[in-house]
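Here chain A shows up in two complexes: once beside chain B, once beside chain C.
Take a look at the complex of A and B:
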């Protein structure tokens, strides 16, 4: 195999693939990337057996097709530190020679046959979504997923495609985010549609793969895998096993109190009130009346905070506590200038709505 | 409490009253867990090897340890403590510090309070207690030991200079046999001896602890009474008289400890985020192993699961001591869950009912068992 690569494009490809490469693994082969030179492009493949990626780099000149397995971090470091616009990579026996104008690196390769298969995107997509829209859906849900919950389903984002709708839902058991969108066409989806819990790591990568908001991302949903495809990459992920909790049941439908406010102002008020919360007393007390909203917090060691926030409030007075971080995280991803917060009682969930397509359910804190 | 385990035995079995009683295992490696005052006249005391105690007092009646029963009585005594102060720091199953600061207007002078408390304990449990009233924890503990049994000793700040000097240094908090021997080798036997030694010299013998001991020798102790709800950890441990070679037997004790710890957490509305096990093996090697819990909890079942998992993880050898403590405690704002976990709810109800029953009957009427592995 011999190729001449644009160094910048190659570095980008290796950086994306590097997100998949296993950090600690009993199988050293998983710390490699596989390079395939064929059909006028260089394909870089990586897998940690949960998530696999194929990234194709067209900015290459192929002198001799072939494939090679290289240690991911060493190879990426060489490409990053090199000073040339182009690098040549040539494989001779079990050594790869990476040459710039004044440098020559020899790296020992590993047997390509040891590398697990990395699936390609084959056949028709089930449906497709513009990249920009998918990026927004991911941004509005991924943050609310759990990281290391023992309830595995909490560690992923539920994707539901049905009736020309694509919804993403995530929860960590204390709050729940839901972002909705319309599909241009139902594609190959059947009447029952399809749904899957996708690991946070995979969605995080999909988000990084999208750079053109207009370009569509194609989906294929299988029994225990989901495949995302863009013009430059194919990402395959195993699904999270387990049952997603009955999220529709916890979305409040009987709220009789509603606050409406400008998103940025509400965010600012909460951030200020949260300045005097601590690990012990992490709740912000929110007292809603006709006159508006009073936010207070107290830190036994430092002092107290009070913010009087002018907003519209309909319904009976209510006092409720929330973890301010849960609110600010959601307010940062709202894409409308105005939000509403619907409440029922101090021990019932609140419902934050931003625009037509974003819902956020947040369970209160029992204030001491 | 005076000779607590032995007194409970004499209470439950009238034929033991007025007689020398030793609580503990009557075997070649048995150790005295408690000695009644009748047996102490002959030199018996707790922690003495049973074989020696029997030689000192051949007529003593030896009864086995019934920890469950002592814990029941302990709960009743602690319930009485709670009536007298909001700040009760348990020291062991039968000892506690009570902070009476600020209760004078409500309850009267500390001496009168102590008298009433002794009466309450006697009326309620038929057991006697010895109380020390003093300006700080060290002096209070010292005072409580001065007139046992059934004692009441008041130590005022001005008494310090005549009470402390003649006492042996071992009366100072934290001075055990090793330090005592070290001090004796340089001629320091009494607190008076220690007071005469210049600070620098003391530092050479005692290192960083010198200042603390110097303070104690002058009756100075700044430690505050720390009730469970302010504690950094809440735990229980038990030393066995002999090495216990049956892991199931240890599991039973561990469950009992976890249950007691969990009850104390719930009583004060505290949640624990971590659990720590202390295991001392027969060769006196001691290990401490901790685990972080997924979410804060005070559920007996969840704490037990974590404790059991840690215990099972370590290759079993005969055990001399087992202890468990709940750590990373918080009593702050409680985040409510969005989805109910049916098992968690069930356990919560179970704990609440068990706590209610135990509270109503003022003893450990109901407890959990352990399924043998």
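Take a look at the complex of A and C:
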């Protein structure tokens, strides 16, 4: 194999692929990237056996096609530190020679046959979504997923494609976020549609892969895998096993009290009221009346905070406690200027709505 | 109905026959052999019974001679009151004893034995000989018992006192004989058993011989010196003498510093009126007294001698009398708990940082000692450490290098470490036991801090203002007399624990309701337990409801524990509750749960801390009680004095 690469494009490809390379693994081969030079492009493949990526870099000149397995870290460091516009990579026997104008690196390669297969995108997509929209859906849900729950389904985001709708849902058991969107066409999906729980790591990577909001991202959903495809990359992820909780059941439908407010103002009021919360008393007390909303927090060690927030409130007076972090995280991803917060009782969930397409269910805190 | 059998010569069918067997009275020798099965388990049991008899006979010197681990011969020679020839035959009869005269005596037993079973049992499973001479007699008499055939007493030459020989133990019970372990193992048990029996009788001198060689020689001595025979040699200084008495009860003995706690109870000995016992109330009281000072599942080292009026205890509940029933167990529990706790609170428990093993002087001395003793130990108890016997407290199995050194061979005083005594700031360090038995608590050279305050906070350390963090895990700070090293997790855990405790006492903890309740598999016993602990859980902000026949659902969980998984936490809680039924009492349960919470919420080893955080941590250290140990009992702080440093750098004389 012999190729001449544009260093900048190669570095970008390696950086993206590097997100997948396993950091600690008993299998050293998983710390490598596989380069394939063929069809006028250099394909960089990496996998940690959960998520796999193929990234193609067209800014190469192939003098001799072939493939090679290189240690991801060392190779990326060489490309990053080099000062040349182009680098040449030539593989002779089991050594790769990376040459710049004044430099020559010789890296020992590993057997390509040891590398697990990294699937390519083949056939027709099930459906596709504009990159910008997908980015927004991910942003509005990923934050609410659990990180290391033993209820594995909570560590991912549920993707439901059905009836020309694409919804993403996530929960950590204390709050639940749901972002909805329309699909231009149902694509190849059957009547029942498709759904899958995608690991947070994969969605994070998809988010990074999207450069151009107009460019479509294609989906293929298999029994235990989901494949995302953009013009430059294909990302395959295993699905999270487990049952996603019946999320539709926990969305309150009987709320009889509603507050409406400007998103930014509500966010600011909560942030100020939260300033005197502590680790052990996180909750902010919210007292809703016709006059508006009074937010208070108190910690035995530090002191007390009180914010009187003017807002519209319909319904009977109610006093309820919320973890302010849960509210601010949601308010930051709302894409509408106004939100509503629907309530029932102090021990029942609140429902935050931002525009038509964002729902957020949040459980209250029992204050002392 | 199945009849127990000892003899394999007449194998009984495994399946019961259909034809009915006749019910008949068992022969006396069979009765005795069945009884022997309960009392005489192995040679060590014989030694125990005989030595106890000797002690009851008022002996001042007792010699135990063993051959081939007791399989061949067990001979116990005492200088007690002896048995007159007229009573010799009765000695081998079952339910014959000199220790009980009337019915009432059974409820006020002051002797070690009382049932009159031991000699009859031994005689029925071995070839026994009693040779005895009373004080007022010119001649001794001997009598033989060969597996139940008792000879007539005959005159024989003897010293005053009694000699009992037991040969060929279990010669007529091949099944038992087969189960005996090798000679070293059995001797190990004997030696251990003898030590256990002798500890509360310092006034009696003991000698133990194996195959003609003296293995152990314990001269008559003081209480404390005798107890040290079972105290691990390398931890002589980590001990606190204890002595409390009121009109009726007396509690004395040694308790170890928390760092001495071990995963097994081998350094825990409890004696009631001179008899080793196992009592879960006392064990519990000890555990409670050390709560928060030792790691969970560890047994604090302690030798407790409890003396109570004989009528307040029923020792007639267990064949070998290791279990007893107290008339007022709460009072005993309270006495042990209060005395031990008070002793601990009044002492500085911060362990020293300098490891003994690295002290060259100590090492040389120890090696010297060890070389001298090694030969004895090798011959005495080589197999003791490998036995598969149940984990009875074994004073013979030392820790690491000091293997076996707990058994004090030499009556000479222990290795003296005077430089440490005079130089160490730890007020509990005492050189040797003070002989002043009226105030052993004050044996320590410096005055006791009041037990009500200053516990764990070393008065000689003024609060350090800043510290260096090492490896994101430890904090090192200067103190008045050197330096302290703090385990950041352990200290933070202790602080969180105390603060949570204060918080819970003010009101319920703030809790986050769960949108999707977490379900936990639970046994029906655990679900039943929920009712008991529900009020406590509510105070802690945990709401748990039964959810179907074998699961429960967590509905809300303290918000400051948001990083934890409610289900896992509750499951762990229920499992712990299930295992330790005693600790379901509100206060203890609260402590346990707060332990768990504090541990999980505290900074971990590996978490980098900012200077401000370090400062806050150090400042809070001073405000918190018991800051010397984390709630699990591990130390939070180690101390390295300037003296220690000078010693290590060879700047001082040694």
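The definition used in the following text is that the second predicted complex is superposed on the first by the 368 of 368 C-alpha atoms of A that agree within 3 Å, B and C clash if a C-alpha of one lies under 4 Å from a C-alpha of the other, contacts with A are read in each partner's own complex, and residues count from 1 in each chain.
The working rule: a residue touches a chain if its C-beta (ideal position, glycine included) is under 8 Å from a C-beta of that chain, and two chains touch if they have at least 3 such contacts.
Predicted model only: the values in this text are computed from it and were never measured.
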Exercise for the section: Look at where chain B and chain C land on chain A after superposing the complexes, then choose clash or fit. Expected result: clash
Practice task
Determine, under the contact definition given at the top, whether A:29 touches first (chain B), second (chain C), both, or neither.
Solution key: neither
Exercise for the section: Mind working out whether A:62 is in touch with chain B, chain C, both or neither, as first, second, both or neither? Expected result: neither
Practice task
Mind checking 219-227, 237-245, 381-389 or 615-623? I need the stretch of chain C that runs into chain B in the superposition.
Solution key: 237-245
Practice task
Return the residues of chain A at which the contacts from chain B and from chain C coincide.
Solution key: 149-150, 171, 173-176, 245, 250, 279-283, 321, 323, 347, 349, 361, 363-368
Handout entry: chain A residues within the chain C interface of the complex
Key = 149-151, 171, 173-176, 245, 250, 279-283, 300, 321, 323, 347, 349, 361-368
Exercise for the section: Would you mind writing out the residues of chain A in touch with chain B in their complex? Expected result: 149-150, 171, 173-176, 245-246, 250, 278-283, 321, 323, 347, 349, 361, 363-368
Problem - Of chain B, residues touching chain A in the complex - result: 294, 330-339
Practice task
Would you tell me which residues of chain C are touching chain A in their complex?
Solution key: 499-500, 503, 506-516, 518, 541, 556, 559-560, 562, 565-568, 601
